[in-house]
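Everything on this sheet refers to the single structure shown next.
When the chains are written out, they are named A, B, C and D in that same order, and each has its own residue count from 1.
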Amino acid sequence: MVLIFNQNREFDIIAIGRACIDLNANEYNRPMEETMTFTKYVGGSPANIAIGSSKLGLKAGFIGKIPQDQHGRFIKQYMSEKGVDTSNMVFDTEGRKAGLAFTEILSPSECSILMYRDHVADLYLEPSEVNEDYIKNTKILLVSGTALALSPSREAVFKAISLAKKHAVKVVFELDYRPYTWHSQVETSIYYSLVAQLSNVVIGTRDEYDVMENLATPGNNDDTVKHLFAHDAELVVIKHGVDGSYAYEPNGATYHGQAYKTQVLKTFGAGDSYASAFLYAIVNGKDYETALKYGSASASIVVSKHSSSEAMPTVQDIEDLIKDRS
Amino acid sequence: MVLIFNQNREFDIIAIGRACIDLNANEYNRPMEETMTFTKYVGGSPANIAIGSSKLGLKAGFIGKIPQDQHGRFIKQYMSEKGVDTSNMVFDTEGRKAGLAFTEILSPSECSILMYRDHVADLYLEPSEVNEDYIKNTKILLVSGTALALSPSREAVFKAISLAKKHAVKVVFELDYRPYTWHSQVETSIYYSLVAQLSNVVIGTRDEYDVMENLATPGNNDDTVKHLFAHDAELVVIKHGVDGSYAYEPNGATYHGQAYKTQVLKTFGAGDSYASAFLYAIVNGKDYETALKYGSASASIVVSKHSSSEAMPTVQDIEDLIKDRS
Amino acid sequence: MVLIFNQNREFDIIAIGRACIDLNANEYNRPMEETMTFTKYVGGSPANIAIGSSKLGLKAGFIGKIPQDQHGRFIKQYMSEKGVDTSNMVFDTEGRKAGLAFTEILSPSECSILMYRDHVADLYLEPSEVNEDYIKNTKILLVSGTALALSPSREAVFKAISLAKKHAVKVVFELDYRPYTWHSQVETSIYYSLVAQLSNVVIGTRDEYDVMENLATPGNNDDTVKHLFAHDAELVVIKHGVDGSYAYEPNGATYHGQAYKTQVLKTFGAGDSYASAFLYAIVNGKDYETALKYGSASASIVVSKHSSSEAMPTVQDIEDLIKDRS
Amino acid sequence: MVLIFNQNREFDIIAIGRACIDLNANEYNRPMEETMTFTKYVGGSPANIAIGSSKLGLKAGFIGKIPQDQHGRFIKQYMSEKGVDTSNMVFDTEGRKAGLAFTEILSPSECSILMYRDHVADLYLEPSEVNEDYIKNTKILLVSGTALALSPSREAVFKAISLAKKHAVKVVFELDYRPYTWHSQVETSIYYSLVAQLSNVVIGTRDEYDVMENLATPGNNDDTVKHLFAHDAELVVIKHGVDGSYAYEPNGATYHGQAYKTQVLKTFGAGDSYASAFLYAIVNGKDYETALKYGSASASIVVSKHSSSEAMPTVQDIEDLIKDRS
């Protein structure tokens, strides 16, 4: 099966949530204490997905709040240059700052992030800053889980979902779980469940679904999808790292996509590039089996490079890699 | 039609939300500046409904957080004496206080409340303090809208609703809108809509539904019920003050109940006594037309007396009034 | 010796700090859980001192912030009726409330208070709301320690002290220590020390001086006064409960005043009535020995009555009691 | 005259306040939006002064709170390597972060800073983390004005000053005014005045003294020093940018030091390098005229280089420049 999108929409995808700054270590394979210089990139899961989608040829837009400072202006300008519509990115008027992520690459498999997320502008997006006319003009509304972590951003997302459902826009929920900002895993579980029940497509890692289900030990995919298909879900994607990813349909059909091995530089950005390419594929009517390959190939490319946003691949890059490995 | 409840349940109704202190002016029909003494009562909509239901003979329980002080102990003791199960009322351990409502009765039709609601214990109920074993033992979970106003009480309510639905407990949502505490009416509208969509029975005044729908001008009942019946609602009650109240069913059936005139002392407590008696009636298998009469009669009795909780009528009081007026 | 005040001043005393509401149990000698009615009075140490001073014939004024509600208007009107100038009492514009003190009288010697002090209006007095023209027109600026507990009230008091010193107004510091609101006793100690070093007269109980000196075990008066006389102090009063009170001068002179026994109803209000009468005496040029008697007599009268503010004695009451007991 | 220091002290100078991270633009003379890489340095006025003093040969220590993360560990390690005693730098246990300063160099004379100061670790230093045994072992306690901006750091500084005065340690107050964090200029003025009145040496720019005096238009030095000499001050230094700096003594003696012109890269770090060298000079018994030259020369060297901390000069650098220009 394929997902049916409304065709007469100006945008293929509009993402809502955070657009931030990544400061990536220039000297790596060492503790950050020994890193002396950093390179600046746009970051944040939904911003990366919008940028990645745009680079693949989708018409992408973004709803979010950015600081009225040098970092905020850089974010808007960069996204605009990459083809993302920034007309619904609003400047914060209270002096709030952009979120920062200093990346530490101890080794290709040991990466960590030093986060600055206190009072960041993106979490102060107001419901009143979400416009119905914008949302009704897209095929997909992409919701990032981190945007649910705090009010008023949480309510802005609920409003956006409500408008999307009113106008038959497909709601895609990328779980994108980051423990900072949340008060507790129980709180995360409550809001992830509410949003997942309202979403048409849910994408996340098995670990992230465990958070959504508030499980102490790993859950199983059958239980997860059974619960979601009792509500509005039409497609559920569960990622299992090196074991590849699975797509589930309400009719019981299941698809498996392998992971593509690569020379890993760092693990950041894998999920965002996966989502961009997977959504590109389904918007373009490709079957789910192919979409899983696109996602995996795109992730494989980004983890071999220094940034998350700047490294987003082209369709050609993705198709070349899939052909090479088949 | 009648609502079908699970019969093998220990409790008829468990209410979740605030239990507070009312300080009612002893000298009234004057500004509060000239009131020199106050009488103390238990107050708070869901506490009043639990007390009122218990007085009518329902087996009632309560989930809420109360202060570890003289007011908190009074609340628990009073509710227990009135027959309400208080085993799931937890004491706050952070020094938070009971909400206070100083009532001002300028005239029977001009009443106002001076509220103390900053950092009150009831809004700090945690999801972890909501017990599945308790909820699965009731026919009705009564949710008060004010408990949605702030975290973590908001999340505790979402958890309670989720548990209720898991165990086929009917969720009754009493809108109980109080502007204080809420950041904005848009925020109220978002959470009222989410909860109303999950509820089996919704009860409120027309004004409260307008808040839920975020309307600037009064909405109409047909639109309201059409939206709710597209989700989980089985019964919608809309109150129109002196014009009486309406009950709506998904099958299109509509019932109207008149308001009973009385010698009004103050307007407080009308909604809580209405809900107690209406729910008493439907739990006891009475038809909706009769249930509307019970609600109106109960409200009529309470507005003629000094308190909200202490003044809750008996079944005999209600039936006598209905007989008198028919 | 006597303290020399500037004579050409409109006011004898201007107090700065909180004016609140006391709700005194009408049914007492029992736990508050069993108290069903409360009587409303104006309360708060500096408000009580202003009222008490005014009743004794001093020209008193007040600087403070009160809520724009029924309680705030009652406070202002009551103080005005008692002769206190309220021209510099400002209404809060942010919806903050009056502090509340529910008094519990378990027995004459076991009294406790249930306090509502979260976000109370009085602690939000701003430095910009302290007027130089007002302060330069008084003999005494009375500072209450509780007004130092939180910003911006803390800074408003520092500004008032700075203006008082600029205009040769005597600064009287009533320690008035209440543990609530303060983050820690160390914090209290730091600000009490800063203010005591700037004050001309310091009045408190031995326990309160121990808090100021951050002592774990009781300190001794000689150390206390030695430290204060190294700064701006001209007079230090230390109260020892039933053992009476002491006044110290920089020249080494020490005076002792006995406590007057009475039929105690409750312990509240003793310190405020003491300060009113002591200051009345020294403003009227009485010697310190006499002033100590006035303080003790006034305290003795108030603890035998139901309220703190309303019970403030007249000069005749005080002088009668002193004559009776001598 | 010269300032007399206690000689039998282990430390020459202990600074209290913030130690942070500077992220200096590698590509400059352009808006920060166009800067793609940043170099990391230790920053923060008192940290820079401790590092600068140590490099000049003083025995320096530091009291402050740093994050328990990669940035915090880098700060501690770097300062330790530069000879600063870090035994009294405590790690934050609440997940707070290091302050960040992204520097923008539009042109040598147009520099700005993008600050991250929300909930930074340094402002959470507790009074209990200030040790009497440490402070009594130094000649100078250097207090940075920014450490007064918020509680509990504010109280930690008051405690440190109180301990310094108890042990005859000279308190040097570097005004170091940064508008962020402060609620208002009135608040700044109140605390700057309290601390300046307790200090032996006060150092700042004319602009900073205007903030301390809460002046709308520039004040004059004579008024400033007259006020300070009425309290504990023994030496007041007022800097006038390109017009050089002035040192004032209570006896009326005034000294003027010229500014040394240089090829300016950026203006950051000038004040910190000035203070380091000035204090080095007076600790070493040089007269005030010479000390002013040391300060100016040191500032001149740092503004011609990329960092504030790493660029701190040696005594040889300073003396060479003074000789060159005389």
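Assorted remarks:
Here, contacts are C-beta pairs under 8 Å (C-beta built on N, C-alpha and C of every residue); 3 or more make two chains touch, one makes a residue touch a chain.
Given the structure is predicted, the values throughout are model-derived calculations rather than measurements.
Chain B and chain D, compared by their mean Cα positions, are separated by 60 Å. Rounded to whole angstrom, the centroid-to-centroid distance between chain C and chain D, based on C-alpha atoms, equals 41 Å. With touch defined as above, chain B holds no residue shared between interfaces to two or more other chains.
Chain contacts here close into one cycle, and each chain has exactly two touching partners.
Looking at which chains touch one another, you get A-B, A-D, B-C, C-D. Interface of chain A with chain D (complex): residues 23, 26, 31-33, 35-40, 69-71, 73-74, 77, 97, 100, 102, 104, 114, 116, 118-119.
Within the complex formed with chain B, the chain A residues making contact are 127-128, 151-152, 155, 158-159, 162, 183-184, 186-187, 190, 193-194.
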